[in-house]
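Several structures are given next for inspection.
Two complexes come next, and they have one chain in common, chain A, joined by chain B in the first and chain C in the second.
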Partner chain A sequence: MFKVILETQWKWVRLPLLVATVAAFAIPVLSVQDAGRVGTRGLDPYLLLIDMTGWGVAYPLLAAGIGLLLAMTAWGPDHRQGHSYALSLPIPRWRFAMLRLGAGSVLLAMPIIGITAGSFAATAAAAIPVGLTAYPAALAIRFTLAAGLAYSVFFAISAGSTRTAGYILAGMSALIVAHTVFGLLPGVDLMGAILERLYDWPGPLAIFGGRWMLIDV
Partner chain B sequence: MNTIRLGVVLGALVLPGIAAPLNAQTVDELRARVARTEMELEVARAAEQRADRALLSTIPLDTMGIGPLSLVVQNDEAGVTSQAAERAWQLLQEHLGDDTDLLEGLEVRVRWSERPAVEIISDAWSRGVDLGETPVENLTNHLMDAVFYLIGETHAGSVAERWFGGSFPRPTASEPRWLRAYTEMATAPYRSTRECLLGDQDECRRALGLIPSANPAADWYTDAGRRALVQRRRRPSERLYPRRAAQHDQCLEGNDAACSAALSDWNVGPPLGPMTRETLVQHAFRTGGPAAYSRLRTTTGTIEERLAAAAGVSGDVLIRSWQDTTLDAAGQPTAANVPIVLTALSWIGVFTLLALRSTRWR
Partner chain C sequence: MSDAIKTSGLWYRAGPEFELHDVSMSVPAGSVYGFLGPNGSGKTTTIRLLLGLHRVDRGDISLLDREVPKAMPEILQRTGYVPERPHLYPSLTVSEAVRYHGAFYEKWDESWTDELFDRFSLPPNQRVGKLSKGETGKLLMALALAQRPELLVLDEPTEGLDPVVRRDIMSALLDYVSEQGATVLISSHLVHELERFCNWVGLMDQGRLISELPMEQFKNGIKRLRIIDPPNHYDDSPFEILLREPVNGGVPGEMILVQGWHADMAEYFGGVGASLREVVDLDLEDGFVEMLRAFRVQATEG
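Moving on, here comes the complex of A and B:
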């Protein structure tokens, strides 16, 4: 049964997933294209770090995007067909959800392999100045965890009913309204405090924070 | 038309009178003007102080002591100030040792403007500061700045001041910025900084400007370093400074003599900037423990000797331990550390469980 679910999910997502995999390979490779730049003062590590900081934004965005893509496509057709397929299967709901989750996780391996291969290829090809270090493995691990986390968050939301998604959307809207209203009061920063809880350790999105640098000090 | 003609004639008569050369000022006249301007400045400062005093008299004030130092503060904001004062006093005792009597008679006023900013004022010091997200730590540091500035007015050595970038080194409540120091060492375009990073102690001395020199451009920098220094400056105007502009161009083309000539008019500082040098000072204070600041202040000799005295160890040991600490700080900033990895895995588990609990009934 897992094979069938995997095949169907692959058919639903293959095109955007291939694009995401190519992007995952390309971003680290493109990020080091100027790594061998030689100025009047030799290899310029400072400029390289600035380049890396710029490219560093792309990794968490791609990880979040891939998580969203796989989660939405895993449940989208079920939602459209009124979950008739799931209801017709002689297995409990949790097991069906597990199969969907497992199939998505297998597909998630493609962009992870892409970013790992891209990171190692990029650091092998780049001239890294003295004092700087390449972190291909660390970047790949971090990307894996971030993509996995994004996938599990969006999967949990998609697996729920439309009512659940409505509650989540209503909650987010209420938050934005409250932020706008209370933001007028001096010294009140509602959104800032919430984002801090989310992105600072041990918040759920802590893995997305910090420096995402293929080459760093 | 006649009006225009009349205008031209009148203009021709009047303009030469206006454009006639002015008499140049004599040196005495110039001195008198400078003296008048200085006097006006003094009068303005006195007026500002009167205004400050008048303003303070309208605000409910509280006075607290940091040891022998008096702190005047608006009493509705005394909470943060008293915490900062307590921390500052702790640091002052720690670093001044028996010399806390230097603070005798000093008075610092903390005036809160729109939160979270304050203005710290004394007779010789005035600075508006933004307290940011860590008000106690920032206010402590600024109080320390004010206090050490006031002490430094009479006690600091000019060599140390210059080395430190204009103010005498002082302890702070913040952690030294080791990662920033490492990043500067790794990215500065000078050989000494790179060699220092690789473990060469003498190059560290050169990079930190600890080797006394009458000609820093020659002693602290290589030819490539001198070229990098010139490159970082703006090219002088061709029209106003043709000789300097030519030196600038020749230097960038690889002529080292031109680089030296171009740098001869500049006050060339050490390859590593004041923020990185500050980490060495903070390291010396931390290593030295009680009365470290007093030892720095009272010891004579080179900067290295004074810092070593503050740290209570030899210069070699101080530089080696500073180097090791800086290298350790680099760590693996990109790598997610173990707590973050475990947290991410835990949250993945939580969301997976939530997904499995979803119902098939819509």
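Moving on, here comes the complex of A and C:
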């Protein structure tokens, strides 16, 4: 049962997932190559760190994008026909959802392998200046956690009905309106406070915050 | 197990305009039950409730002696379903769709599946979304049969199909039913199609089950009678009077539509001071239309 679900999800997502996997491999490689071109006498530590910081934005974005992609393709075909096929199959709904979640998690391994391979290959090939350290494993683990979190959150949202999606959109709209209204008051930054709670440790999205550095001090 | 499907007091509001009212139906085990009704009468909604695709507001449902929705996975394991609109994933090829579907069923029969696909000449590498209407109908029926179900719930399975495809699908269904003794609930508004092979009929209109009876009684027991000197009330009649109305064209007497009629009931009219002048036989379609008309007149009169 899991095998056929995995096969169908693979069929629905394979092209963008292959692109994402290539991107996951390429980003660390390109980041180091790009940094290598900056210095005229090998890698300049200062410029290298600036470059790594710049490229670091790409990792959480890619992780979130992959999570969104896998979650949407996991439920998209079911959404399009009102889940009537899935509901008519002889399997409890929670188990079907778990199988879909599991199949997406297996597919998530591809870009994770891509980023791991890319990070190790890039750092192995580069002459890292004294005083700096490469963190390919840490970056790969962080990417795994971030992509897993993004996938879980988007999967949960995507598994819900159109009404659920409506509630989420309504909540976000209300937040924007509240931010605009309260923003008129001096010293009140509602959105800033919420984002801080979400992205700063121990917020639920803290994994996406901070610096994503393949090479750091 | 006497009834393969049993509902009691089913209520469901499907929106501001439509509601199922107190639907109590019984589909005897081993029967082929024709679920008749005009478009929008509530057949599909009832079927979706039976299969747990909607949750009832009130009432009880049991399929194959198991309670809906509590025992849904077990019920669906033993039930083949052909929906009104194709529900398979359009991007899969036919063979992928078969492999996917079959993986969920314990009694999935590979060789029987191959046999059905040969019989229906389905193209294995064609995408489901690119199949013709007839091919889609055949695929859905093949998938429903290949799981060797005890109960088949078919929601307008031949709607919009040409006569050749219709015949192919129905003959495969009948072969299966005669070999396996499965129960079939088949909805349609094509009365003649059901007349040939159903042995029970349920009539649905405006969200209500207006009648449920064996096909034989439906075909032979519903008559229009022309009565001279009709009484004000037909007290203690041995048949059910569905509708009373004057005869058109100034002809004396009245026409009554009755259910449960038998020839030896003619004597009853003498006892109430009336006389039976004419018995009009109705075929299934006429009976269906007349019953709907009677129901709607009664509903209008409250």
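Going forward, the second predicted complex is superposed on the first by the 207 of 217 C-alpha atoms of A that agree within 3 Å, B and C clash if a C-alpha of one lies under 4 Å from a C-alpha of the other, contacts with A are read in each partner's own complex, and residues count from 1 in each chain.
To be clear about the criterion, a contact is a pair of C-beta atoms (placed from the backbone, for glycine too) under 8 Å apart; a residue touches a chain by one contact, two chains touch by 3 or more.
Note that this is a predicted model, so its numbers are computed, not measured.
Engineer: Given the alignment on chain A, is it a clash or a fit between chain B and chain C?
Structural biologist: fit
Engineer: Using the superposition on chain A described above, determine whether A:Leu101 touches chain B (first), chain C (second), both, or neither.
Structural biologist: first
Engineer: In the superposed arrangement, which partner chain does A:Trp212 touch: chain B (first), chain C (second), both, or neither?
Structural biologist: It touches chain B, and chain C stays clear.
Engineer: Is the number of chain A residues in contact higher for chain B or for chain C?
Structural biologist: Of chain B and chain C, the partner in contact with more residues of chain A is B.
Engineer: With the two complexes overlaid on chain A, check the angle at chain A between chain B and chain C, Cα centres, nearest 10°.
Structural biologist: 150
Engineer: When the two structures are overlaid on chain A, which partner does A:Val4 contact: first (chain B), second (chain C), both, or neither?
Structural biologist: second
Engineer: Applying the touch criterion given at the start, work out whether A:Ser152 contacts chain B, chain C, both or neither, answering first, second, both or neither.
Structural biologist: Once the two structures are laid over each other on A, A:Ser152 reaches chain B alone.
Engineer: Check the residue A:Pro202 against both partner chains and state whether it touches chain B (first), chain C (second), both, or neither.
Structural biologist: first
Engineer: Could you tell me how near the closest CA atoms of chain B and chain C get once both structures are overlaid on the shared chain, in Å?
Structural biologist: It is 6 Å, taken between the nearest C-alpha atoms.
Engineer: Overlap the chain B and chain C contact sets on chain A and report the shared residues.
Structural biologist: Common to the two interfaces on chain A: residues 87.
Engineer: Which stretch or stretches of chain C touch chain A in the complex?
Structural biologist: 48, 51-53, 72-77, 81, 83, 85, 87-92, 96, 99-101, 103-105
Engineer: Considering the complex alone, what residue numbers of chain B touch chain A?
Structural biologist: Listed in rising order, the residues are 115, 179, 182-183, 185-189, 194, 197-198, 224-225, 227-228, 231, 252, 330, 332-336, 339-341, 343-345, 347-348, 350-352, 354-360, 362.
Engineer: Touching chain C in the complex: which residues of chain A?
Structural biologist: 1, 3-5, 7-8, 11-12, 77, 81, 84-85, 87-92
Engineer: In the complex of these two chains, what residues of chain A are touching chain B?
Structural biologist: Listed in rising order, the residues of chain A that touch chain B are 40-42, 44-46, 49, 82-83, 86-87, 93-94, 96-98, 101, 129-133, 135, 138-139, 141-142, 145-146, 148-149, 152-153, 155-156, 159-162, 164, 187, 201-202, 204, 206-207, 210-214, 216-217.
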